[in-house]
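Here subunit A shows up in two complexes: once beside subunit B, once beside subunit C.
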Partner chain A sequence: MTTQEVRLCGLLLQEHFGNVVEKVGTHLIRSGVLTLRALAHETKLPLDLVKKSLCVLVQHGMCTFGAGRRGPAGPVEYRINCEHVFHMLRYPRYIYTAKSLYGDTGELIVEEILQRGHMTMSSTVKTVADRLTHNMPEGQSMDYSEVVSVFSQLVETHFLQRCPPLASAGSSSSGAVDTPLPVATQPTEPESHPDCYKLPYINLTGQGKRRRSSEDGEADQCAAKKARTDNSECGDDDGIYWQVNFQRFHLHFRDQAIISAVSCKLDQSSSEIVRTMLRMSEVTTPAHAAFTQALSANEIFRALLSRSPDARPILDQYLSLLVDDPMEFVGKTGDSGGGMYVVNLHRALANLARATLESVVQERFGSRSARIFRLLLRKRHLEQKQVEDFAMIPAKEAKDMLYKLLSENLVQLQEIPKTPDYAPSRTFYLYTVNQLPTARLLLQHCYKTVGNLIERRLYETKENKRLLEKSQRIEAILASLQATGAEAAQLTEVEEMITVPERQQLESLRHHINKLDSSENQVDETIFLLKSYINSTQASR
Partner chain B sequence: MAGNRGRGRSQFTFNVDTLRFGRGDSLPTSAHTPSPLFPPMQFRPVPLHTGEEVDYMLALKQELRASSKNLPFHIKAARTKTDVARYSDKYQNGEPKYNCIEWSPDWSRMPKELCIKVQKTRKTGAKPQLTQKPKVAARKEEVLQKLETLEKREQEQHSEEEEDEEKKKQNEEEEEEPDEDYDEEELEDETDYIISYFDNGEDFGADSDDNMDEAVC
Partner chain C sequence: MTEVKVKKESTDPVDIENRIKELCLQFPHGITDQVIQNDMPHVEVQQRAMAINRLLSVGQLDLLKNSNGLLYRLKDAQSASKVKGSDNQEKLVYQIIEDAGNKGIWTRDIRYKSNLPLTEINKILKNLESKKLIKAVKSVAASKKKVYMLYNLQPDRSVTGGAWYSDQDFESEFVEVLNQQCFKFLQSKAEAARDSKQSPMVQRNSSFATSHEVWKYICELGISKVDLSMEDIETILNTLIFDGKVEMTIIAAKEGTVGSVDGQMKLYRGVNPIIQPTGLVKIPCGLCPVFDDCHEGGEISPSNCVYMAEWLDF
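On to the complex of A and B.
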């Protein structure tokens, strides 16, 4: 775990779960694997607080536990799954995707499960129905069956999955793991459970409850919490917990990135074709595959939504265009059935990562440096003179730019000696760019960036804490006055308690915070792309 | 090769041509300080994405952040005792207890050693700790007992009806509570005010101005 990753994990844990969990989590990340007693001793926190923090982390799937080095008789050891912590940065994107695919109901289901780690189906359905009913006009309420149907759709398309059973629990595991006990290093894969995507048979009928509008916010919360924590009532699906399948969401994002890249590079119709191909091979392609399943042109034609008989030759033309494109999104693997085509997933990811690197260099160092960078990516190894000639940049400037890129570690120097003593006058010095290490470097920069953004946001909030509290109090007063029906004069009097310069300050603070938040979301997109590329290279080895 | 050292002082060991600077040029000065914390940028950064999608995700992010502070997963450490006992301490929220957990996880999915007792009674908005008033403590206990009996009843009967009932009861209790607090506050304030007004009989004539201000406020 690099420094930047640990720092970012700490900031994310602090934001969502508070200082205590952050302290426990950061210490556990740094130490690797620890037992409960060791953790409590080293962090110098009371044992109960450490227990509570670990409960929170296990609930959210960020911490795994298992038999330790001393075997099953020894104390349980815990370790943190850092990737899971980074997913917290991407929660808004998951929720938005669910909304775009399955509407408001899907959005709320995914939001509830993300916030609570894992939930049973019945409790999710009830909570979501209540929330939807709350937003509906008076007299209407959300039926449980609608929520259940959206839930089942999410499970069918693998966006939600069952939590894997604990093999150490022993009793229930129908898809028992082969090893008798899970070692702390190997968590059971949820997909290895055969019932991973099977919905339980429960009888859920009813409608969402509308909360009384006369209750104030706290009672609302308490009642809602009571409803949620009332899992003590025996549902038919006790013990079957559902969690969000992050891998499926990531595959979806990857597909989206490929489709948008095709539409940018070529045109809308080609992106439609690629979208159709990806959709058709969604279920048959395993997660880490380099190519999708081979699809024949006839199948693609049948699956295309807008088709007329004379569009067939046009489809063939588009397919050949896609195959000939230097980005190599689509490849041809055979001639049967009008031509067998695959989408080159790993190559597409590599190209997207390369485009990201090039754009970073362009924005930071200018378009000429970007030209040198692209040149080195294509031609692999070049001497300084060759760089100047190929890039058509005057010698002095090319030298400057190369050295600048070298100092930033984006370009590496390779020495090729002519004589065994590496004499500088008799050695070739070649400049080169290695895509994978550069991508890793950029990923670390991204983590550092997000950490900086979060810290800056915390700083801004802290600086203006007094002002924010005052504005919150005034809003609360206004709300209560409005609820009790005050006249306009009273309302304006209360509003004027915030002076104009204070209002401006508040406005600029909100603007800054919005900007910082938005930047975090955008950097996270880059993080996703680079991480997918790095994972794809590791998988293919 | 060894013999050449020291003779040509301005000789470099590498081929100067490849590096493209002549003998006369000075080498760039070496940096004596670490690079600045905010290095000046050569080019302005590209503006952020805008659009409906971006705005929606921004709103989602801020909402998630705000709501996660209210969930029971957000664990607050105890506030360190400051040196001076402040007046406002009486009205701060109650400290969360360490040895109980505010939500009920599925203990079968967690190692046994993490098991902590679940805090059953969840008060709506922690009561302020008024340690001087014993009758408030007694009332607290009554309320706690009431809630516990309610809980027991709830587990026997149908949950939904009980939730409604309980919500109403909590509402009533909550409405009672702010009234009580208000009364007590008023009483206390009035008491303090009166004490200060009549307390310093000697200063009554001397510091007439100050007392006048107090009487007015």
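On to the complex of A and C.
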């Protein structure tokens, strides 16, 4: 774990779960694998606090445990999955995707499950129905069956999945056979469970209950939060917990990026074709495959017919255009069935990562440096004179730009000696760009940037704490006055307790915080592209 | 008995020289000593040598060396008249410069070839320059280096740098202007193709332009004072490719179609970038020059970052 990653994890844990969890979490990240006792000893926190923090982390799937180095007889060891912590950055994007695909119901389901980590289906349905009913006009209420249908849709398209069962849970009732705990180094893949996407057969009927405003809302996120046991009776699906399938969401984002790239580069119809192809191979393609499953042109035509009747020869033309494009989004693998086509996922990701790198260089150093950078990406190794000639930039300026890029480590120098002593006058110096290490470098930059943004946000909030508290008090007073039916004069009097400059300050603070929030999401997009490219390259090696 | 007087052929030196000159005319590639000997067997070695030396000094004969031995060639009458009045050294230097052709030759190289001291060389060069026989051309590769070549020769491209250099200065504005013009041409072609709403294959093919078409367009625009060849235009189009605005394909073309080189034609097409500027660059941190020095609690930190403060108020 790099410094920046640890720092970012710490900030995210603190923001979502509080100081105690943050302390436990960062210590565990830094140390790798630890037993409970060691963890408590080193963080100097009381044992039960450590236990509760670990519970929170396990609940959200960020911490895994298993038999340690001393084998099944020794103490259990815990480790943190950093990637999972970074997913917290992306929660808004997941929720937004669910909303765009499945409407408000889907949005709320995903939001609830993200908040709680693991949930049973019945409790999810009940909570979501209650929330929806709360927002509906008086007299209407949300039926459970609608929520159930959206839930099952989410499961069918693999956005939600069952949490992998722990071996010890099965043997807890019968003490006869001691099933060994899973080893800490190999967490069970949720997908290895055969019933991963099977909905439990439960009988859920009823409607959402409207909550009175005087009742307390859900307990807000606090340090040691556990899954709240519902007041309602135990459902039939006790023990079957559902979690969000992050990988599926990531595949969806990746597909979206590819489709938008195709539509930018070519045109709308081509992107529609690529979208259809990706949708058809959604559930059949393994996660880190370099290509999708091969699809025949006939199948694509049939799938497209449902959207807009495109004439068959036009489809063929579009497909051949896609194949001929230098970006190589789509490839042709055979001629049966009118032509077998695949989407080149790895190639597309590499192109997107490359475009990201180029855009960073362009924005940071100018378009001429970007020209040099692209030139080196294409031509691999070039001498300085050749760089000047190809890029048509005067020698002095080209030299300056190259050295600047070199100092920022975006460009590397390769020495090729003519003589065994590396005499400078008798050595070739070639400039080159390696895409993978540069992508990793930029990824670390992104992590640091997000850390900076979060810290700035916290700083801004801290600076204006007094003002925020005052405004909160005023709002509470206003709300209570309104509830008890006060006159307009009293209300305005209370409102005027906040002076105009203070109001302006509050306004600008809100503006700042919003901007910082939205920019976190923007940087997260870059992080996602670079990370997918790095993972895809490593998987294909 | 009358004495047969074998009339010796007149060994008049002038006759010998004329005979040698005639022989040279007969063999324009040059004659060896052997040939002269065969032709005039009665002439003694010394006389032959004297005649040849005289012709050389007058400048009517050229002395060359090849693998077999020495060759004598009749010098061109015109060039013979040019160096009349110069002495041997100057002639030697002039010859060296002439041999260098249109690439020119550097003073140090002249010194090596002629084995003359530097001061002499400089004097001779100045002399020749004043007589307008040679000229000095500044090389674009090393700006202090001067190469000499014959006065009426056009310097080679490698010395002057070709169309992009005027007086050893790289004309960046000229290149920029050409860059913009080519890009606009290709972009308008691509847009016209897109608006035509024909079948996609036809659309794509009509958005392509061959390098020949671009070359014609630029020539007709008339923004260039210098004549530009198709290779020059192709280097400009390559820079557009490196800008990411244009892509190129090569197709096979029939020999003889206009603009084809070795049976291939290069087609260029304006393209759009595949992503919008990425998220990282929308933040000041992505562009910050002191990014590496920034950490919490330091002089430069997110909390007191000036760039962020300005950006937030935007």
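We take it that the second predicted complex is superposed on the first by the 503 of 541 C-alpha atoms of A that agree within 3 Å, B and C clash if a C-alpha of one lies under 4 Å from a C-alpha of the other, contacts with A are read in each partner's own complex, and residues count from 1 in each chain.
Quick note on the criterion: a contact is a pair of C-beta atoms (placed from the backbone, for glycine too) under 8 Å apart; a residue touches a chain by one contact, two chains touch by 3 or more.
Keep in mind that what you see is a predicted model, and the values were worked out from it rather than measured.
*Asks:* Is A:18 touching the first partner subunit B, the second partner subunit C, both, or neither of them?
*Replies:* first
*Asks:* Identify the partner contact of A:522: answer first if only subunit B is touched, second if only subunit C is, both if each is, neither if none is.
*Replies:* Touch partners of A:522: subunit B and subunit C.
*Asks:* Using the touch definition from the top, say if A:30 reaches subunit B (first), subunit C (second), both or neither.
*Replies:* Touch status of A:30: no partner.
*Asks:* Who does A:84 touch here: subunit B (first), subunit C (second), both, or neither?
*Replies:* A:84: touches no partner chain.
*Asks:* Quick one: classify A:76 as touching subunit B (first), subunit C (second), both or neither.
*Replies:* After superposing on A, A:76 lies in contact with subunit B but is clear of subunit C.
*Asks:* Touch test for A:395: subunit B only (first), subunit C only (second), both, or neither?
*Replies:* After superposition on chain A, A:395 lies in contact with both partners, subunit B and subunit C.
*Asks:* With the two structures laid over each other on chain A, which partner does A:332 touch: subunit B (first), subunit C (second), both, or neither?
*Replies:* A:332: touches no partner chain.
*Asks:* Going by the contact rule set out at the top, does A:363 touch subunit B (first), subunit C (second), both, or neither?
*Replies:* After superposition on chain A, A:363 lies in contact with both partners, subunit B and subunit C.
*Asks:* Following superposition on chain A, which residues of subunit A contact subunit B and also contact subunit C?
*Replies:* Touching subunit B in the first complex and subunit C in the second, residues 363-364, 395, 515, 519, 521-522 of subunit A appear in both lists.
*Asks:* Using the touch definition from the top, list the residues of subunit C that touch subunit A in their complex.
*Replies:* My answer: residues 164, 170, 172, 175, 179, 194, 199-201, 204, 235-236, 238-239, 241-244, 247, 249, 271-275, 277-283, 285-287, 291, 294, 296, 301-303, 305, 308, 312-313.
*Asks:* List the residues on subunit A that touch subunit C in their complex, please.
*Replies:* 257, 260-261, 264-265, 267, 269-270, 314, 317-318, 320-321, 326-327, 351-352, 355-356, 358-360, 362-364, 367, 370-372, 374-375, 378, 390-395, 442, 445-446, 448-449, 451-453, 455-456, 459, 508, 511-512, 515-516, 519, 521-526, 529
*Asks:* Looking at the complex, which residues from subunit B come into contact with subunit A?
*Replies:* Checking each residue of subunit B against subunit A gives 13-15, 18-20, 41-43, 45-46, 48-49, 53-54, 56-58, 60-62, 64-65, 67-68, 70-77, 98-99, 101, 103-106, 108-111, 113-114, 116, 122-125, 155, 159-160, 163-164, 166-167, 170-171, 174.
*Asks:* Within the complex, which stretch of subunit A touches subunit B?
*Replies:* Going by the criterion above, the answer is residues 15-21, 36, 46, 48-49, 51-56, 58-60, 65, 75-76, 91-93, 95-96, 111, 115-116, 163, 166, 169, 209, 212, 214-216, 218-219, 221-223, 225-227, 229-233, 239, 241, 363-366, 384-385, 395-396, 399, 423-425, 429, 514-515, 517-522.
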